[in-house]
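Shared chain: subunit A. Partners: subunit B in the first complex, subunit C in the second.
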Partner chain A sequence: MKERTPLITNTKCECGHQNPVGTVLCEACGKPLDREEQLSSGNLEMRYDGVARRSQRVNPGVIDLVWNFFSSVKIAIYLIVLTLLGSMLGTIFPQESTFLNIDASTYYPEKYGTAGEIYYKLGLSHTYESWWFVLLLVLIGASLVICSLDRVLPLYKALTRQKIRKHRQFLTRQKVALVTELKEEPEAWVARMVELLQKKGYRVRTDGAALLAEKHRFSRWGPYVIHIGLIIFLLAVLARGLPGLNMDQHLAFPQGDTVRIPDTTYYLKNEKFTVEFYTEEEMPKEFRGKKILPKLYETRAVLYECTANCTDPSKEPQLAEVARHNIQVNSPLSYNGLKAYQFDYDLTPVLRSVQPELINAKSGEVYGKFKLDMNNPQRSFQAGLYTLSLKEKYMDFGLNEEGQPVSKSPYPNAPAFLFLITGPDLPAGGQQYFYFPKQVDKEKFQMTAINDKLGGSGRFLELEVGGMSDVDFSESTTYLNIRVDRAMPFVWIGAGIVMLGLVLGFYWQHRRIWLAANHGELVLGGHTNKNWFGFRREIVSILAKTDLTVDEKSLDNGGGLA
Partner chain B sequence: MSLLDFSSDVFIAAFFLYSGSFMLFTIAIMGRKWSGRKPEEHTARWGRIAFIGSSLGLICHLAYFFTRWAGSGHIPVSNMYEFMTFLSMMIMVAFTVIFSIYRKIILGVFAVPVSIIVMAYAAVFPQEVQPLIPSLKSIYLNIHVTLAALGESFFAVGFAAGLMYLLRTVDFASKEKNDRKQQRLVEFTLFSIIVIIGFLGSVFAFRGAGYETVFVRSNVTIDSPGQGDSTIEKVSYKMPPIVAPYHSEIESFQSFLGMNKPLFEAPSWMNGVNAGRKFNTVLWSLISGLLLYGILRLAVRKPLGRAIHPVLDGIDENDLDEITYRAIAIGFPIFTLGALIFAMIWAQVAWGRFWGWDPKEVWALVTWLFYSAYLHLRLARGWQGRKSAWLAVLGFLVVMFTLVGVNLVIAGLHSYAGTD
Partner chain C sequence: MGRARKPVQIIILFVIILLGGYAIGSSVFGGDGKLREGGKAPSFELLGLDGLTHTLDEYKGKSVVLNFWGSWCAPCVKEMPALQAQWEKWKEQGVVVVGINVGEDQMTVENFVKQVDINFPVVMDTGRDAVRSYGVSPLPTTFFINAKGRVDSIHIGQLDLSTLDDQIGKLVKP
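Let's turn to the complex of A and B:
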């Protein structure tokens, strides 16, 4: 705390006004209260017009101490600087959140050596989620609230209860001050000044030959408006962490497919995905043949809302179209708070369905044909006299560490199906059969060998696809980022208020001029919160119109005029 | 003549007009003491001519900007070359605004060269018009980049005025410990600026001479057992290699002053072939910077700070303090709007999140926090004069790191700004 708060102070001014403890300048006449300060001739400390703040109590309790801590600008600056340094640390190496799938404990040492290991161990690989960083932001929030409250109320009081007549010292010890000879009759001169000041946009009040002119007082609230905006912004950011307000998922949408968006009643269909590249003619000469530049990524998307049978997996859900949009990188689909962003794409064809035939491998006889859908296969199929019931489905077939078959991902990269076939010439319990629709997988995973093992020597059934017409591919897949962020409006409101405060506080200045004319002497004091240069220039130009020629520099009251 | 050709012609005209007006500003100040003239009259007359020159330069610069916009079909702020040319233009706009308020001729001597240096730096990057990739096709490219650059330009003028304040007020004759420290810090600041000029000098000198040496490096990466992948990386040096990339071989070597192999190899932690090339550039910048600094020292026979100090004689230091602060106070809201708020709006539209702690975003925040601290220190803690001037100088360093350093050293999502 820089402000001194002596234990015993006479806070009653000679003008008769009783001031609260901690007051620097008398609330009424503006005379310094401190004896030492009265004898000095330096500029007056005009912060909050010298009014006492809540944080300047004589016997602080625990709450007062906490209040005092957060109300200190010094602490606020420390918090700003610590946040600044913390943020910088987080950019030394990429953050964990940059990567979709990494094991951070091994990634950092491998990629960046010892420095990477230390970085990871210190938790800097997730700086912005770490407890100390979040704590810093919360402390800044607390500081914003308390600093503002501590100052805005006293300042409001001081500015609304301003007296016109001030102590002579209050005027002469302003940073802009002038004591000069006045030849004219004081009251008449002041009356002339009123008019001139009003022309310059000042609101003027007079008390005999004393005058107080003031303009753009609202500018003083700028900093507090900024702080209110920042508080709203920070609260909105914190609220994003609450459940239900925020959703963020990356989903794959093969062309032509309608995919349910988990945790919602929405379905989204990718009607067509387009990727375009710039042609050679559109590129500068230097790039031709060297670079490929993308021109457009677009997903023709239709959003449906489920109206019936939404939770019953045995029934086909009823969908109603609610929105339609061509999603591009800077143009997401937006419906009722749900947004779909173009995130990525994959031009590898994805198998949608096949129509295999069940045949007798020995005789070549075809028993029957059925349609096997990769994403939503039926539970059982009929092929001639044989019944195939689906036991297991693997979208992305692979073996785990124990050698058990597993699905490595939910995407149909290597689909595999395990059937139990029952029918003529088969064992009573049926025969197991593994089916890989893709030719590459058949070879890679040795489908024949697996089935020989499962079916024994008498095995004669095979599933085969007759021709390309029996295979259905989707040409490409688009990856969309599906988001819901209910706190966003508050983020923007906060940011907007910050901006408003910045404009108020920085592009206008609160200017005040006190004048006291008597006994052939004119005393002028001026105060502004910013832009002293422009203020002095304005005063000089106004005085010049009353035939008082004053040099701009002579108004600059560095040391003070006694 | 096509629009784009015209555009690059007026750009060069702007460059020479700025350089000329810088010299005229210098004459306006230095010539005060020439015999046979009244100092105020001399400064006023030559200052007016200089300001007309810089304004003509700005008009040419604006002509460059709009004809390139018309010729390419999109606002020319989409890569490093275009951004830097735009930034230098905005610095001139900020200078013109501040100059119109304060009418201090001396400001031209310090602010105009900042713009010239940024302009020259732009020319380091490839200049051809590139079509926009999908993520840049947005109205927010126009708003975000331009406002951010304008805000930063006022910080640049604040930097120039802050440096002027230091050169004006530091006691260069004193032998006292604290004054010596200030002298050294000012000297170091000036030296850093000369290193940047050294960097520009070496880039253009070797480019003019058509220098090139190529290194290759083969990398073997093992993704999974039994599946090795071998890639060959090539890197072309445009300056004679003092340092070669780590574990690389020479493909072709153009000898320079009898040097026909690199003097040493980059240490292993500088992985990536480009790290070696960047390190080499840093070494050349330091060498040519030192050389230039040495020549200047020989010419003036005293520390540069002390040599410049008399130029600022008679300038009111409080005015300089005020200009520094005012420039930053004007720039701060613009910077907030452009570099943070519109950045967030665009990020929300393009990437689905308004904030993602991407290095560029973090550094924009760091810049903002820095100037917030500056404003709080000044307004509430009474940091004026010396301390405030140092912060203004340091702040611009943070700005330049955000704009350039992040792309060179850290990259991240803004890497399309093309710094290779």
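Let's turn to the complex of A and C:
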């Protein structure tokens, strides 16, 4: 870094140009301004062409001090190092954000002991969302913007206002320099050089027997293009936190059901879920009989968009199909920024409805058949001359502490229905009948015994399901990860701009050659921002065409060139 | 250098503070989307047992005791008489008790309401939308929402008559 300029300095160059505070090389003629520097013979400091950065000024105010703080590359490097160290902390144990249904407060101590507990207590279990990490990112963002502005504007000005004739010292103290005898007439020789330089792609300007040749100046903007890309990247990441721009949820879709996707107007139907496993023959010997390996997970999904009655729960929403896709691992359904990924599955069947028949257990006579839904069933059914009114419904039948029938969960694990049947040969007030659709529950809860107690000894009615065709159940449930990330395109744009900046900055070099020919002497100075070796060869080959033989090494003016 | 320099610097620093403040703010306060005490109660639109759609906005200007329950949850069943008693006691003073059933069908809810004998408004959250927006995980959970629509306090677990009375008292006369 450069040391601060003393408070009072004469910034007026002998060529008459008034330079701003902090200028190293005169903006006009390129002569060093510092007296000590004038007497030295080392290479010139060509960073930003020796112009003052914006932040360098006399008597800085509060805003200038803040500005200066962020404009320092040293500070930027400290910030980047701190952020790197902070990021490393977040990789020690898994982050909370990767959990779905884990209680973080018990997970860390249980799995990692005391270290885990400390990790959790310090808040490192959510490093990347913590205030200090976000603060570091914000500071880096500020530093990016201010560093760039502080340098790019003065540099732009310096490069667009270049003078052709420079001070002799400016030329001889470049890292590529040459002072040699010139036998030809200066102006004619310079005119020949112009043509040769132009052939090599240089833009050439002349002023008498002085010349400035320059090419690939755009390569100097590469770093600033990278910074613009990084800022867009950071802003896009920040914008992910805004409502509606980012969604990530895991939802269950029982086969055959249409499920609403919360916070959107979309509904997704799982038409069929398939899971296939590798057969014994398909697996390598080592795995046979030991492992079950899945071959395929597939959800045949249809995406609907709600067109009317979307929010009013008292009305049925109207749906229109918008997309259809067979979701497999790494092949999500994608529609308008919404993506549905295969995530998990459950092969436990879930009962949806049954169609029992009301029969006379003694004579075998069938009175009628009706459809009984597990969710929102009808309240009254007709089977021949008998009327069945549904009185109670239990989704997961059980008994509470007081021995009363209750539902243990809202899921149809052990559904049970209490009917009041009225009709011929029954008591005037009707007869109560408990019905368990699942065979296991009939035995477990002793359905016959309960009904014998409710209906007495003369009981003759039974509800029975004829066959599997009368049972409707969802064979399996697929779990999908529904994602919306509208900031993602901007992340990619930012990354693309960074790439463009890298290409600009790395694949081209800004090369400049200053020439001054007079009194039989040729003075040449050259500057590039990288690949000095290639630059020297180019100069030698151009000079050779004007019958000037120069040793490549003699151009090297020292200074540790690459 | 340019005369516009200072204002430009100020504008840039201001924008950085604004964006930075937003970023840090959202990471410190409720970045996880959970509803906290003092936060604004999210609106809902749910079907009531009366067959009409009910929203939180209908109770604007009133203190609302929002109770999430399920018929399968034993503590929910046990706290129902207390809720009913407090509803009767406070309804004249601009307090409304609203029960939100979580994920059950109409028949279950109707039977339950009859069985425990309550008559405060009950709505059904079949899609678990309110559960999501209120960040409810265990049942019962009760939200005490003041007349300004802000969550005054959140009670997780069974409520008894006296705590309920205290909470409502605080809600009405802060």
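By definition in this document, the second predicted complex is superposed on the first by the 403 of 562 C-alpha atoms of A that agree within 3 Å, B and C clash if a C-alpha of one lies under 4 Å from a C-alpha of the other, contacts with A are read in each partner's own complex, and residues count from 1 in each chain.
What we mean here is this: a contact is a pair of C-beta atoms (placed from the backbone, for glycine too) under 8 Å apart; a residue touches a chain by one contact, two chains touch by 3 or more.
All values reported here derive from a predicted model rather than from experimental measurement.
A.B. asks: Touch test for A:278: subunit B only (first), subunit C only (second), both, or neither?
C.D. replies: In the superposition, A:278 touches subunit B alone.
A.B. asks: What's your read, subunit B or subunit C touching more residues of subunit A?
C.D. replies: B
A.B. asks: With the two complexes superposed on chain A, say which partner A:258 touches: subunit B (first), subunit C (second), both, or neither.
C.D. replies: neither
A.B. asks: A:313 contacts which: subunit B (first), subunit C (second), both, neither?
C.D. replies: Only subunit C is touched by A:313; subunit B is not.
A.B. asks: So, does A:390 touch the first partner subunit B, the second partner subunit C, both, or neither?
C.D. replies: second
A.B. asks: Identify the partner contact of A:40: answer first if only subunit B is touched, second if only subunit C is, both if each is, neither if none is.
C.D. replies: A:40: touches no partner chain.
A.B. asks: A:534 in the overlay: touching subunit B, subunit C, both, or neither? Say first, second, both or neither.
C.D. replies: Touch partner of A:534: subunit B, not subunit C.
A.B. asks: Let me test your reading of the model: by the given contact rule, A:94 touches which partner, first (subunit B), second (subunit C), both or neither?
C.D. replies: first
A.B. asks: With both complexes superposed on chain A, which partner does A:145 reach: first (subunit B), second (subunit C), both or neither?
C.D. replies: A:145 sits against subunit C, while subunit B stays out of touch.
A.B. asks: Which partner does A:206 reach: the first (subunit B), the second (subunit C), both, or neither?
C.D. replies: Touch partners of A:206: none, neither subunit B nor subunit C.
A.B. asks: Residues of subunit C touching subunit A in their complex?
C.D. replies: Touching subunit A from subunit C are residues 1, 5-6, 9-10, 12-13, 16, 19-20, 22-24, 26-28, 31, 45-47, 51-53, 70-72, 74, 102-108, 111, 124, 126-129, 132.
A.B. asks: Under the touch definition given earlier, write down the residues of subunit A that touch subunit B in their complex.
C.D. replies: These residues of subunit A touch subunit B: 2, 47, 73-74, 76-77, 80-81, 83-84, 87-88, 90-91, 94-95, 97-98, 113, 115, 127-128, 237, 248, 278, 282-287, 293-297, 328-332, 339, 341-343, 481, 483, 488, 491-492, 495, 498-499, 502-503, 506-507, 529-534, 553, 556, 558.
A.B. asks: Please name which positions on subunit B make contact with subunit A in the complex.
C.D. replies: Of all residues in subunit B, those touching subunit A are 101-102, 126, 128-131, 133-135, 137-138, 140, 269, 316, 318-319, 322, 325-326, 329-330, 332-333, 336-337, 340-341, 344-345, 348-357, 359, 362-363, 365-366, 369-370, 372-373, 376-377, 379-381, 406, 410, 412.
A.B. asks: Under the definition above, what is the set of subunit A residues touching subunit C in their complex?
C.D. replies: 20, 54, 63-64, 66-67, 129-131, 133-135, 137-139, 141-142, 145-146, 149, 154, 235, 238, 241, 260, 262, 311-314, 375-377, 379, 390-393, 395-396, 400, 406-410
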